[in-house]
Amino acid sequence: MNADQLAALAPIITITGAAIAVMLAIAIRRNFLLASGVAAGGILLSMLALGLAWPQSPAQVTLLMLLDDYALFTMALLLVTGLAVLGFCYDYFKDREGENEELILLLLTALLGATVLVASSHFAAFFLGLETLSISLFALAGYPINRARPLEAAIKYLILSGVSSAFLLMGMALIYAQSGELGFSGIGHFIANQPVMNTVVLGGVILIVAGLGFKLSLVPFHLWTPDVYEGAPAPITAFIATVSKGAVFILLLRFFISTDSYGYNPLLSVFSVIAMLSILGGNVLALLQTNVKRMLAYSSIAHMGYLLVAFIAGGSIAPGLVIEAVTFYIVAYFITTTGAFGVVSVLSTPQTEAGDIGFYRGLFWRRPLLAGTFTLMLLSLAGIPVTAGFIGKFYIFTSGADGRLWGLLAAVIAGSGLGLYYYIKIVVVMSMNEEATVRKAEESSGARISSATLAVLSLLLIWFGLFPDHLVSIIQSVSNTVR
Amino acid sequence: MILTALIAVLFLGGGAAWFSERRSPGTPRWVAIITLSFEALLAAGHYARTESTDLLPASLSPVWLADFSTPWIPRFGISFHLAADGLSLLLIALTIVLGFMAVSSSWTEIRNRQGFFFFNLLSCLAGTVGVFLAVDLFLFFFFWELMIIPMYFLISIWGHENRTYAAIKFVIFTQVSSLLMLLAIVVFVLISHNQSGLYTFDYFKLQNTRIDPDLAFWLMLGFFIAFTVKLPAVPFHTWLPDAHTQAPTGGSVILAGVLLKTGAYGLLRFVIPLFPEAALRFAPIAMTLGAVSVLYAAVMAYAQSDLKRLIAYTSVSHMGFILLGIFSWNLLALQGAVITMLAHGISASALFMMAGALQERLHTREMGNMGGLWSAFPRLSALALFFAMASLGLPGLGNFIGEFLVLLGAYKVSVLLTSATAVVLILAPVYSLIIIQKALQGPLKIQLALSDLNRRELTSFSLLVFITVWLGLFPQAVLNVSEPALKQLLQDFVAMEHR
Amino acid sequence: MNTEAILAANLLPLIIYFGAILFITAVMLGGAYFLGQRHRAKAADEPFESGVVSTGDVHIRFSVHFYLLAIFFVIFDMETVFLFAWSVALKESGWFGFIEALIFIGILIATLIYLGAIGALDWRTRRQRIDTSQNSR
């Protein structure tokens, strides 16, 4: 390893360093503000380190990691989201009794796992990143250990995640057994040189897809999602919904493009069925929910389905547009979902999660700005213009239509119609008049960091919705590097 | 630039109205009035300058009165491209007039959260003006969606007893259908991209795209469904009676007067010029749908006991005329459709305002509970009679001219459908007179000291009366404005047929 | 000799060693089983056949710290395995490997400091800790 490669790894090294620094800070003095401050500083430093890594890209650092422009871009996305979640966590946990500092530590290790994941070019890095991410998430989901819901969420996530890891490993083993390769490019060469379709490799890829399907909560691997979303503290739910899913999806995309697994046509049929089920299933089940967090959980299942439509289109159109579409959608989804759960988190306290829809009754008149932000986020999820979500949906339509996936696009339209119903339902409840009998929700005092974060997210949402061109050109330039 | 200002003024005015609520609860309505006056001045100034065409790029035909274009999302060749011709100008004028009416009818009806109400009202109008001006398909879709959300808020927050259901139904109908349109737009652009290698959403550039006839039919259908849901025509009309009935009066005025017209405008501007052959093939079905809407809605209107619901069904019936006229695709029928758009905008809004005024006084919309109102509100009743007559198509008033021209034009295309549609000339008096009979005549059922129309209401109504009469007696002034635009549309169509 | 033969020659002592272990354990256990006496008396299952009758439950609750400490042991033990791997390739990995190993050990030490500081290595329960701190005051 030389200095250049070290510079390319700098963002990841910085995050690791930040985690250790937080740990030592806790050892020296247990103070939530101190730990959060160190972590925020670490994330910011890591973003600066991205600048250090930028000139080196694309850099293959050992066999395990490939830091190209795309990896760095997605890392930046993950880090920014991590910072936003850190802000929500601070406001959420700062008044909680007990030891909250380890939460920050776990947040950093989860972020470390996610950044490794998006830069991996080898099964080993892939698995290490995924496990670092997942193991941190179990603890994060169950952090308020003395309450039943988070504990249930953590245990559920632990068990299903373990199962999915087993699937993943089995898939890797099958591929390795056939090809003798663990690196993505090596597997790509092996697949390209096969005269006929290798069924064992296909089986391996399907097992990997099943494993990742758990993490992405695609139907039929979605069963954990609503419980975990509902049980985990709201800021952590934001983290699970964005960083964890986004990183895994980016990895899936990278894996498919660099190994050229698009050649396996049966796989695309499998994906189509999964996407169809996710879109329709997610939306239909979301209709039945009366808990906002569960509703958003099912809606995230549907959104992963939409994202898959653009992904599947890669079977018949140029990868450039696919990466562009998927990446833009992920950026829009990150902003929107972080914002939506951010609002939930501002309304929640560690004692009571603002899950039940009754909490939101009359929110428009109680806290107009917060309700306005939430409305904006919901409209973006529904894909209404002026928001980034609309441009994202436009991308899904464009890539889907280019790939001639009419059935899936019909599902997207039907799903959006259903989706609109439950998003609008929340808006309706928020705009209802507050009844005298409604218990006054505790106004969490001084969520200043969260409010600032939400303001920034709303501005970004509208900015990217009105003037997406700048972002699009950045995404275009970084997505050219993926091979 | 002035075109951008037309949209921006309304948006900014809406924002200002929202903020002005902090001063006092009554301020937003004044801000709204000032904004609309400013908008009217802008539009009038624009209208005065229609003769000078120096603002235009040479490539555009002279029917376009103004043009403004700037790149927006170059990645997909999307530009912020606005252009106005006679048709859009007329509809914008209608929008502004009805904007005043909506503000006037909400003056005392809306008591709480006036700032947010007028913000929604004005941004809905801004979206509508944008729809009438956009000639970039992406931009068009953008404004198309943009006007839905404020309307949703208008219905769901300030509506009547069953507002949530109505609002959600409205949003879902329009949204799902507009997604079909988005899909059609995207596919259309991709086809053009495959041919020319360039992405463009520009209306003028896309007109030259050659499409496989079968595919063109599907694309046309995508647009058609979106526009007929908005219009609405049978079988997509079911959202309308609910939305109209539950909306506050101001919302009903905008909905009936302006929002429905965007559907007709879309058919006229996009469906037929972009897919002439497919539209021609589809014309018999579309005209049949139009005729069915006319008759079915007229019968349904007769069966209603809720005043607003009745008026809503008459809207569907009138919109059927427009559908019939547009798909007849000759100058007479198109002129008729345009006049109907304007005249219906005025008369339906006036009737909704009437219903609103009654509801504000009587707290009911049930015609069974009214009765004998003539003796209680002589002025209001006289005006109601006038607009009922206008709505049934009394010669000398605006609606008559429109319907007459449509029937005349459609007769050339299909004798059968025209004769069937003409039956409505019997049905329309029936449903119009039933309002008069049930609500105004007979013994007075309500024993309350109630006030007749006040000065504000009288001013609003007399303006509408004036426009209706003017449209009925001197339609030529309007016809002259819309004629070049319609002729241009027809010319393209003829050229296409000969190709 | 071909590679397989070399492998077999190297493996032979190992196999014999494993076999010997198996044999000795089998003899010890089997011998006790076959040669030992059988008691069927009532008190045969008592822990102290001729002593005091025991009271209470054998399933005492261990302090959770015991498990925590056991896990720490396992974790640190596992980390040492990586150092073995490094020590085998000490020369090949050179100074760079040395620095990496130092960083690795450094992180382990930081973890140990952290564990010490948060009191994870303290056997006392929370209440006992509070009591002692009060007594010392």
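Labels A, B and C are assigned to the chains in the order they are written; within every chain, residues are numbered from 1.
To be clear about the criterion, a contact is a pair of C-beta atoms (placed from the backbone, for glycine too) under 8 Å apart; a residue touches a chain by one contact, two chains touch by 3 or more.
Owing to the predicted nature of the structure, the values given are computational and were not obtained by experimental measurement.
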item	value
Shared chain contacts [subunit A and subunit C, defined touch]	none
Central chain of the complex, centres being mean CA coordinates	A
Distance from subunit C to subunit A - Cα centre to Cα centre, in angstrom	40
For subunit B paired with subunit C, centre-to-centre distance based on mean C-alpha positions, whole Å	81
Separation of mean Cα positions, subunit B and subunit A [Å, integer]	43
Contact footprint of subunit A on subunit B as seen in their complex	72-76, 113, 141-142, 145-146, 148-149, 152-153, 156-157, 164, 167-168, 171-172, 175-176, 179-180, 182-183, 186-187, 190
Residues on subunit A engaged by subunit B in the complex (per definition of touch)	365, 379, 382, 384-386, 390, 394, 397-398, 401-402, 409, 412-414, 416-417, 420-421, 424-425, 427-428, 431, 467-469, 472-473, 476
Contact set on subunit A toward subunit C in their complex	1, 20, 23-24, 26-28, 30, 99
Footprint of subunit A on subunit C - complex, ascending	96, 107, 110-111, 113-114, 116-118
